[in-house]
Amino acid sequence: MKLVTLAEAARLVEDGQMIALGGNSLTRTPATFVRELARQKRRDLCLVKTAGAYDIDLLCAAGAVAEVRSGYIGFENMFGLAQAYRRGVESGDVRAVEHACYSVIAGLRAAAYGLPSQPVAGMNGSDVPALTDFRQAEDPYTGERVYMIPQIRPDWAVLHVQHADAEGNARIDGGVFEDVLMSRAAKSVILTSERIVETDFLKEKPERTNIPAFMVRAVVHAPCGAAPGSCHPLYDTDEEAVAAYLKAAVDPERLRAHLAEWAERDHHPAAKG
Amino acid sequence: MSRDIQNDVEAASRAADQMAVCLAREVGDGEFVFHGVNSPLPMVAIFLAKKLHAPRCTLISVAGAVDPEPERLPFSTNDPRLCAGAAALFSNPDAYDLFARGGFDLMFLGGAQIDKAGRVNMSYIGDPAAPKVRLPGGGGGSVIMPQAGRTVIWRTVHDTRTFVPKVDFVTQTGNLSRVVTPLAVLCMKEDGIELESVHAGSTAEEVAERTGFSLDLSGDIPETLPPADEELAALEELDPEGVRYSEFPVLRAAKREVSI
Amino acid sequence: MKLVTLAEAARLVEDGQMIALGGNSLTRTPATFVRELARQKRRDLCLVKTAGAYDIDLLCAAGAVAEVRSGYIGFENMFGLAQAYRRGVESGDVRAVEHACYSVIAGLRAAAYGLPSQPVAGMNGSDVPALTDFRQAEDPYTGERVYMIPQIRPDWAVLHVQHADAEGNARIDGGVFEDVLMSRAAKSVILTSERIVETDFLKEKPERTNIPAFMVRAVVHAPCGAAPGSCHPLYDTDEEAVAAYLKAAVDPERLRAHLAEWAERDHHPAAKG
Amino acid sequence: MSRDIQNDVEAASRAADQMAVCLAREVGDGEFVFHGVNSPLPMVAIFLAKKLHAPRCTLISVAGAVDPEPERLPFSTNDPRLCAGAAALFSNPDAYDLFARGGFDLMFLGGAQIDKAGRVNMSYIGDPAAPKVRLPGGGGGSVIMPQAGRTVIWRTVHDTRTFVPKVDFVTQTGNLSRVVTPLAVLCMKEDGIELESVHAGSTAEEVAERTGFSLDLSGDIPETLPPADEELAALEELDPEGVRYSEFPVLRAAKREVSI
């Protein structure tokens, strides 16, 4: 039984640890979990994500972040830049480790494959490798010089899914993005899940289980756990709530209010563990 | 709404339609094309191309599906509703791998700064070590741009802050084909970016003035083929909510005003 | 419409090409397709598979094989060694490119990721790298020396699946083995499928589509296409038929009889294209 | 059945039971263990361990599932029926990756030749360039053996063709813990493989004679702990069809004779 409360699961994460966050942009991100980390005042986290928005920005706004390794952090046109992330980087509080989405994937692959680094095609002509100190190796067959991305081995992959059992077997509906890879690259996995299902439900179609229980340390029952983002096919992005967050993010007082306002929903009564 | 704002709104709407049509014309039938996050105009353009001249192009989107058939186009270009009607999902790592093995003919990328050499900045304004502005980052751009068959950059402002002599940081470069803006279509030549055609309502001189590097205006610069009636009708049918307008601040503001 | 007859699909494969064969051992292998290649007297093929049995052995028996890249070729205890493969290697007719299953996977990954070679952990102390000329590269971060496996980019991945539509979207029930990876590594894919389904059936659960149509060149309707091997959940291995094959494999005349005997089943009347 | 054959059958059956039990005892509770293709004894042993002392061990098999609960054990160890009752499938690339990042405590591997230094040949008898016998190959062995927490080799014949001074080809080596045969349990010490215990019915001298490299017999070599009644009962319940016997030619022949 790995089913625990949100507060218990968030306490597993220690200051200074590296966390890969599942989902993409405003889609199926572990928003409830991220808010709880902020409420618990976690500090000095290193966040890993190909394309992030609310999750990364909120933790930056809360002062929880030392470093972000990502390809893209921003809200889309409707909302604009990720202001808290931007401010954090510009002030020097947050170290932006410049990546392409694919180099994040390569770094995660290196970890998943037990390798010190993983080659990646492309990046020719870009200033990204020099800035981030991506080094090249010579291919021993062709002599070609290829960029090697150093291993990214997060302490935790925190993933929001639609279905999980109490042991941690998880099924994702819709796009998986980098979630499956993150589960393999990380030392352990924390799941938040829309539904807690019987294991027998997953046994009917074991092909659809994306994450096997043995990789998972904790499971939290978190209905609407990706809100204000979307979670296919259950709910769409709540655009007003995202806009409200963006106003809150610029001011510590209003951010506290935002976190407090969501606390009741986040600590869902069903999520007792 | 004041007369001035109304003029701006009309100009921006025309520019958005012209840009959507120009981007759609870049898509060849049977080609493989990808669009990323925050890419409303390319998304609309690809569906427009599929509807008109490129029914057999294959679209893979960051939302994670192959050739989706969404009931309506969402404003977010990685909205999960963009997987609707697809027979196969395709994860982002899978899509990037397909780029890496040369499987995409065409990619649309944004650019905050673009220079004459076709280099694109999506990362930092100023010194990356102490940036004036931290931009979102290039997403997959730095690996995609050297790998895509060709890349088309679109940008909804055309000014000397965007078109600069030298970008502050090269996020991505390579295989640049064209740049589409509200004023013009530019194309990549041997010696760098040049003006290919100017949209109705602007002039080559205006484009040159609003471009921070030199353009060769000595030849005959044609007018961009304006949207055909058929194109405009298809666009309206495909995108009745005006997703293509969402990249223009003046149109977002106007929409808010109208809805109030 | 990519639905073609077995004979048409097999004619796509040219002498001397490299083919990755899906499934594993006696499970979900493209047996029908392999028999048709033998009947069409294909020659000088290079076969790629982590763990093969009937499929590889039959093509060796038929004289169709120049090279095999694999980690394991053999029948299990009930049946013993793959005699035709063994004979081919011992006589020098077949070149055995010694691999571990994981190095086959690494070579396929290199192709799927557009890389000249892919690092692989392990292999320390083994004679395999020297025999096969796997070279090392120095990791540019740790200085560690890692084996790099050169790209394996088959001309075709030939995969037997349970569900495919006429366009080539395919769903696999049960273990996928290396099939999904092979589909990405190969230049193109030929499918044989137990069932030809409507595309709408796959659209209900696009998460379960393992191979998207755009990768696929041809689809063959092949009920019992993995026999005498198994295809979950439809049929188990026909042990008597495997034993009969092993007797036939030692003699060209009896092999011809084996191929003729299966021809009628293979050219299933439903499989008209 | 002749008296001689009957004696052989009884001896082989006893050896198979002893080996299954010895292999099962290698599995620690809570450990991660994998078995590959053509591995009936390890497969039976792992399920036996799960039934007895290691209920919380995690089995991932080449058939592609995590902790399956098959109704009956199949003779082929990558039979798809070995995925029955699992809550998650796990592909072979995924399993090899788990080895590569150090996720497995224990692996069982076969060996056609084994030498004193704990090197294992599954590839060639004779010169690999012109082999006398092409063996099946090591499967995943050459990457797995250096990566598994420990490796246990099992072999159903114990003779000087198997245990050789120097293997003709090193398919795999590293992290060798024990070797289990019909006669004995051997273990890896600092200076190479030594005899740990001898099964009932054999002697240290017999084992030494049938081993092609020297074994130190100077100490007290104990008898292998024979199968307990509880172990035998669990084995019979788990494997009524005798999958564990299928690796012994004499038992396969006997089974055929009986079924005729």
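A, B, C and D label the chains in the order they appear, each numbered from 1.
As a convention for this text, a contact is a pair of C-beta atoms (placed from the backbone, for glycine too) under 8 Å apart; a residue touches a chain by one contact, two chains touch by 3 or more.
All values derive from a computational prediction rather than experimental measurement.
Using mean Cα coordinates as chain centres, the one most removed from chain C is B. Each chain gets a centre from the mean of its Cα atoms; for chain A and chain D, those two points are 42 Å apart. Here the spacing of chain B and chain D, counted between their Cα centres, is 61 Å.
Centre to centre, using the average C-alpha position, chain C and chain D are separated by 28 Å. Contacts with at least two other chains are made by residues 113-115, 120-121, 174, 176, 207 of chain C. Within chain B, the positions touching two or more other chains are listed as 65, 83, 89, 99-101, 147. Which chains touch which is summed up as A-B, A-C, A-D, B-C, C-D. For chain B in complex with chain A, the residues that touch the partner chain are 37-38, 40, 62-65, 75-81, 83, 89, 91-93, 96, 99-101, 119, 123, 128, 130-147, 169-174, 246-247, 252. Listing the residues of chain C that touch chain B in their complex gives 111-115, 165, 167, 169, 184, 199, 202-203, 206-207, 209, 211-214.
Within the complex formed with chain A, the chain D residues making contact are 32, 58, 65-66, 83, 85-90, 94, 97-102, 147. Across the interface of their complex, chain D is touched by residues 24-28, 50-51, 70-74, 76-78, 81-82, 85-86, 89-90, 92, 96, 98-103, 105, 120-128, 131, 174-178, 180-181, 230-233, 236-237 of chain C. Within the complex formed with chain C, the chain A residues making contact are 113-121, 135-142, 144, 146, 148, 150, 172-174, 176, 207-208.
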